[in-house]
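Attaching a single structure in C-alpha cells format; questions to follow.
As written, the chain order gives the labels A, B, C, D, E and F, with residue 1 at the start of each chain.
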C-alpha cells in the first residue's frame, strides 16, 4: 500500500474528494496546514506595524491506497486540483508497511 | 524504527495516551483532522440552505517507535480505541530511516 | 527524496524557516500539533475542577527534499531549533518514492 | 413615528419667541409661572421641556446606535465566512460615520427642514444652521417639546441603521469604496425624501394618514428593497450553492440579534418622543411581538425540520421586531404577539423556500426578513390598531380604508426605492464597478480589501 | 423590591377616578392644578406620574433584558464546551420568549393580580385585561405612580431571567423540548406564587416583614434550588470527572459577567420604581458590593492557589451582585462592600471544595453561586440594613427578629421551590425524558438538538 | 466636566437645612410650594431635584461602567495575542473593583471633599461619611441638584476607566500583582489630585479657567502619559519587531470600540449633570466628532496605504471620542466634526510613523491615541468653543488667552503625572518587580499568571 500526501488549495477540497470517491477511494484524512513555497504570502499592517505572512493556507490530504490504485489516485488529484496558478500544490507518495481497521481488526488492503 | 499513524475518535485520546505510556511510549504528536470514510457526516441547514458535511472530526496520532515495540503499540491502540461502532479509525505503519533529538543530538532509538 | 518530519517549539518557526531557505529549501508544510513527551504540560483549575493538560503546543514541519540535501536540512533544523531546554523537539526522516507538482506535472526532484 | 414636524417647527418658533430664561428654567419654575398665570385665569399653553423626556430620548438615541454598532455588525458578521468578517464590520462602521456627517450637512434639512413641500424639507437647515441650545422640537403632546439637538441625533441614528441594513444582501462580494458612494447617494435621493414623505406633517404619505409608528416603511421596507435590487444586480457569490457557506460564528449572530432586541426599545419606545404611557405601550409590544415571533419560528422549524435552530430563533426575533415597528404604539400586547407570530411564519417560508425558487443570492436575507417582515407589519398595523383586536384604535378610518392607505404607502416606498436604487447601482457599476475581483472574493474581503484578518489564533 | 401592590391597585383606581386629561397631562399642568388647589388650601394627594420615573423604569427594564440576552447566555455559554454553545444560547433565548408570552397570558395576573390571597393574584388580569394606557401602578411614595405597562414589563423580565438562570445546572445534557415544558410549568407553579408571596402587599412572606429589595429569594434562591434539584435528578454529564471540560471561551464568560453587572443596575436600582436618592443608593451599592466580592474572590484564590483566575474574578462579580440584590436599597456603600466580600469567600469555598465532596454535577454552579450567594444575601440584609452598620435602618424590628424573618422567608422559598421542582422534573422525565441520548451528548447538543455548529472557522 | 464642587457643597448644605419632606417630595409638590411662595411674591431659589436628571445621571453612570467592562477590556483584549487575552480582561476587571473600593474609602474625599485646598479635597468625606439619602450635589444650574450618591457613582467610574486605560501601554508583559499596587498608588497620588485641580471649584487649574467638559486632561492625557512612562520603563515585549504580534481578534476590538462609543455618551453627555439642551449638544457632538474622526482615519489610510483597515476605523473612532471629550459641551456639531478629523490625522501619523521612530513599545498606543488625541482635544477646545467656529462661546477670554490656559493645564497634568508615575514604576520595580519572567511571557500571561486559557475550541 502507499500513503499519498497531497497539498491543495482549500477551495478545491470538495471537488477533489468527489473525484477520488469516483475512482474508488473510500477514506482519507484532511488537515489544514500552512504552506510555504514559491506562492508568496501577504503583508498585514496594524497601525504601521508591518507583518509579512509567508505562509498560505493549504489543505493536506493523506490517503492510504492499494498499490494498484496509486497512479490513478495521484493523477486524479493532479487533474482536479489544477488551476494552472502558482500554489496548486504537490503530491508525494510514500510506502506503507501495514494497515489495520480498529473496529474489525481487518488488516492491510482489507482495512482501507 | 517505525512511524505509526493512527486516526481515532477524539474522545478516546486520553485513554489511548494513557494506555500507550504504560507500554513504554514516551512521546507522540497529536493533530486534529477531518476524517472521511464510511462513517457518514451530517447535514446542516441555515435558513433553508442545506450543507452536507462529509467529514467527521478525528484525532491523528503520529508515534515513532523502535521496531521491537511496533506490534505492541499497534495492538494497544487498536484495543483501547475500539468502540465497535463505525468510524473507530485506522492504524498505519511506515518505516522511519532516522530520528534525532534536537536538544541532545541523540539519534535514532535514543532519540525517542 | 526524503520526507523530513520535525516538531519544534512554535516561537522557533520563523527562525527555522529562514535558515532553511538559506540552505535551499523552497517549500514545506507546517501544522500546529499537540506534543506529548518528557516536557510536562500544565494544570488548569476552573472553580476547583482540576484538568491536567499533558500536551504542549508544538509546530510540525514536513519537508520533502532531494537525498543530497537531507543531512544539511536536518542539521540546520537541529541547530536553529535548539534552546537546550527540554521539549526542543525531534526530527524524523522517511523515504519518499515519488513527488509531483500539480501545476506543471513536473515529477520528483523537479517538483520540489 | 406618528410624528408631525410642523408642530416641531411651531414649537421651535414658540420657543424662539418666549424669553430664553423661560426656556432654560426648570419645569418646576415653569410650573410656578403657569401657576401664577393660572391664578390670573390665563389658559394659553406654554411650550415646556420635561427632563424626563429628554433623558428618555437621549438614552433611546444611544440605544439605536447600539443596534448598529455592534448590533447589526455582529448579527450580519456572524453569518458570513470568517474571511469576510471584517468587511461587514467595516462597512457598518464607516457607513454609520458617513451618514452622520451627511445628516449634519444636508440630511436633516432634507428630511425635516422647514420647506413646505410634500417631498422634501429643503436646505434651509443645512449644516444645522439656526439650531441652538434653545431650539426645541415638538412632540405629540401640544406644548411638550424636547431640545431639537436630541431630535436631530435620534433621527440621525435611523438614517444610519437603514443604510447599514442594506449591506447584508450583497455581503462577501461588494467593493468597499463603491458601497460608500452608493450609500451617500442612496440616503440623499431615497431615504431623506421617504422619511419626509412618511414622517413630516407636510409629507405626502403622512398626509394620507398612513400609520408608521417607528419606521416600518422608511427603515425596513426601504432597506429590504434596496438590498433585493442590489443583490440581483450584483449577482451571486462565487461558489454559491457549491461551496460551504455556513455562518462562521452563530455565537456572534445571536449576540447581534440580542443587541438588536435591546436597542430596538430605543427605536420603538423612543419614537414616542415622550416618556409616558405611550412609550410604555410601545415598549411592552416590542417585548411581546418579538417573543411571539421567536416562538413561532422555533415551532414552525420543529414541525418542518424536526429541529429548532439558533439561527431560526434569531431570525424570528428580528422578524418580530421588524413587524412590530410600525405598530408598536398602536397595538395591544396580545395583538402584538399575534402580529409577530404571523410575520414569523410568513418570513420563515419565504427565506427557507420561496427565495430558493427565485435563486437570487440575498446573502443574509435582508429582503426576506426586513422587506417581507416590514410589509407584513405595515399592513398588519391597520388591523392590530383596532380596538376590537386590543389596539388603541388610533386610526379614525375604517379598517378597510386604513389597510388601503397602508398598502399605498408601501407601494410608493417600494417603487420609489426600487427604481432609484436600481439606477444608482447601475450608475456605480459602470463607473467604478460594484464588485471585487474573483480572486479577491476567494481570498476573502478582509485581506483583499482591508489588509487584515479578523482572527489570528 | 420592597413593593406593595395594593397601593398600586389603589393608585390605578385613583387614576381611574380622576379625569383622563388630568392623567394624560404634563406634570407641570398637574402642578398648576395642585397649585390651584393649594390656593384653595386643599391638601389631598393626587396620583401623579413623573416622566423621570418613567424614563428610569423603561431603561431599567431594557437593562434586565440585556442581562439575559446576551448576558446570562454568554456567561453560561462561555463555560461550556464549544459543541454545546448554541444549546445554551438557544435555551436562554427561547425561555425568554416563552416566559414573556406566559407572563402576558396568566403570569402577571397570578403574581400581581387583584385577588386578595396571600398565595397568588388570581386570574383577574389574565391577558392583561383591563390594563390601558391610563392604568397606573403605585410606587413606594404615596401619590407617585408609573404606567402599569412599565411595571408589567419590568416584572416580566424578572420572571424571564429567573427561569434562564436555572439551565446552568444541567447544561450540556438537557433535552430542549422537555426543558421548555419544565419552564412553562415551573414559572406557573413556583415563580408566580413565590413572587406574589414576597412582593405583593397581600403576600404571605411580605406580610411577615421580610426584606427583599430586588429579588434575592424570588430570583436567586429560587433559581439556585431549582437548578440543584435538577442537576441531581438529571445526573452527571457523560465523561464527568474524566474528560476535559474546560470552558470553551473564558472571553465570552467575562463579557457575559460584565453585561450582567451593567444590566444589574436596572435590576437593583430599577426595583426602587423611582429615580431618586433611593435608586441612587441601590446603584452605588451595586457597584461597591460587586467590587468587594470581586476583590475578595481574587485574593482568596491567590492565597489558596497562588494564582487569581479570570473565572474567579467573574464568579466573584456575580456572587457580589447576587448577595447585594436583597440589600441594595437598605445597606450603606461600605456595608455592601463587606456583604459582597463575605458572600464571595463563602461561595468560593463552596464551589471549589464543598461541592466536589457531594459530587453532584451542577455544571455551571447555579446553586453554588445563586443559591448560596442568595441565602447569604437574604440573611445578611438583616444586618447591613442596621444604621449601626451604615444601613438606612429600614426594618423596625430588632436585628435578631429581622434575621429570623429573613430565615423563615428563605426556608419557605427553598421548601416550596425544592418540592415542586422535584415533582415537575420527575413528571417530565417519565413522560418525555429529561436527557438526550449518550451519542447526542457526545456529538454535542448543537448538532444533535439544533442541527448547527456555533463556530465554523 | 465644567464642574464646580463648592456649589455642590453648598447645595448639599442648603439641602441639609431645608426640611427633609421638602427634599423627598415630588417636583410637582415642590412646584406647588414654590407656587404658593410665588403668590407671596417670594423669589428665593429652593434647591430642587428633577427625576429626569437623576434618571439621566444614573444611566450615564451605567454607560461609563459599560465602557470599561467589557468596552476597554475587549478593545484592548482583541489587540493582544490569544495567549494574553485573559490577562487584559483580568486587569480591567480587578482594576475596576480595586478603584471602586479605594474611591469609597478615600478617593471621593480626596477629589471632591470639602477641604478648601487647590490640590486636594482632604479626608473629610473618607468612607463617604456624612453622605445620606438626602445629600444633594449641585449641578451647573443654580438651584438644581442631584443625589450626591449619583454624583459619587458617576465620578467613580471616571477614576476606574482612567486607570484601566493605562494598561494597554505595557500589555503582554506586566506582572499582575505589581500592576494592582501601582494602580492603588497612582489613583491616590496622581488621579485624585488632578481631578480636584481640574474639576473642583477650589482647584488650581479650574481657577485658571481651563475648559475640560468631560475629562480630556484628567482622564486621557493622564492615562496617556502614565502609559508612555510605563512602557518605556518596563521595556519592549520579548520578540518585539521580530515575532508576529497581530491582533488575535479584530472582531472583539471592533466590538470594544463600538461599546466605547455607545458608553461615551454617558461619559460626555452625562458630564452635563442635567438632562437638558446642554446634554443634547454634548451628545450630538459625541456623534459627529467620532464620525469625522473615523472618516478621516479611513481616508488617510486609503491614501497612504491604499486600503482602509478595520483597526484604522476603530482607532479613528476612539481618537474622535478622546478629542471631543473636553469640547463636547462647547463646540457646535460641525466644529466637532473638524476637531475629530484633525485629531485623527495627527494620531494616524503619530502611531503609524512617529512612534516607530522612537522605538518604544506602547503595545496598544495608549499614548498615541489617548495622550496625543487628548492634547489635541484640550487645545482644540479653545478654538471650537468660539461662536465664530459654531461653538457656544462659553469662554469669556480671548481665543489666544484661552488657548494659553489650556496649554498650561496640559503641561501641569503632563508634568505631575509624568514625574509621579515614573517614581512609582521605579519604586515597584525595585521592590516587587514590574515584569514577568521571559518564559512566562513566552508561554503567555493567561497560563503563567492566571492558570487559564481564553479559548479551548
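Criterion: contacts are C-beta pairs under 8 Å (C-beta built on N, C-alpha and C of every residue); 3 or more make two chains touch, one makes a residue touch a chain.
What you see is a predicted model, and the numbers here were worked out from it, not measured in a lab.
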Chains touching both chain B and chain C: A, E
On Cα atoms, by how many degrees is chain E rotated relative to chain F, nearest 5? 120
Could you state the distance in Å from the CA-based centre of chain A to that of chain C? 18
Using the average of all C-alpha atoms in each chain as its centre, how far is it in Å between chain C and chain D? 54
For chain A and chain F, what's the span in angstrom between their mean Cα positions? 54
Multi-partner residues in chain C (2 or more other chains touched) are 31, 44-46, 94-95
Going by the contact rule already set, what residues in chain E reach two or more other chains? 27-28, 31, 35, 39, 50-53, 55-56, 59, 244, 246-247, 305, 309, 311, 451-453, 455
Provide the full list of chain pairs in touch. A-B, A-C, A-D, A-F, B-C, B-D, B-E, C-E, C-F, D-E, D-F, E-F
Residue numbers on chain B that touch chain A, as the complex places them: 2, 5, 7-8, 31, 33-38, 54-55, 58, 60, 74, 77-78, 81-95
Can you check the complex and tell me which residues of chain C touch chain F? 11, 14, 42-46
Residues of chain D that touch chain E when the two form their complex: 27-28, 30-32, 34-35, 38-39, 48, 50-53, 55-56, 59, 63, 82, 141, 143-144, 244, 246-251, 254-255, 258-259, 261-262, 265-266, 269, 274-281, 283-284, 287-288, 290-292, 294-295, 298, 302, 305, 307-311, 313-314, 317, 332-334, 337, 392, 455
Touch list for chain C against partner chain A, complex: 3, 17, 26-31, 62, 64, 94-103, 105, 111-112
Per the touch rule above, chain E residues touching chain C in the complex are 244-247, 305, 309, 311-312, 315, 351-353, 355-356, 365, 368
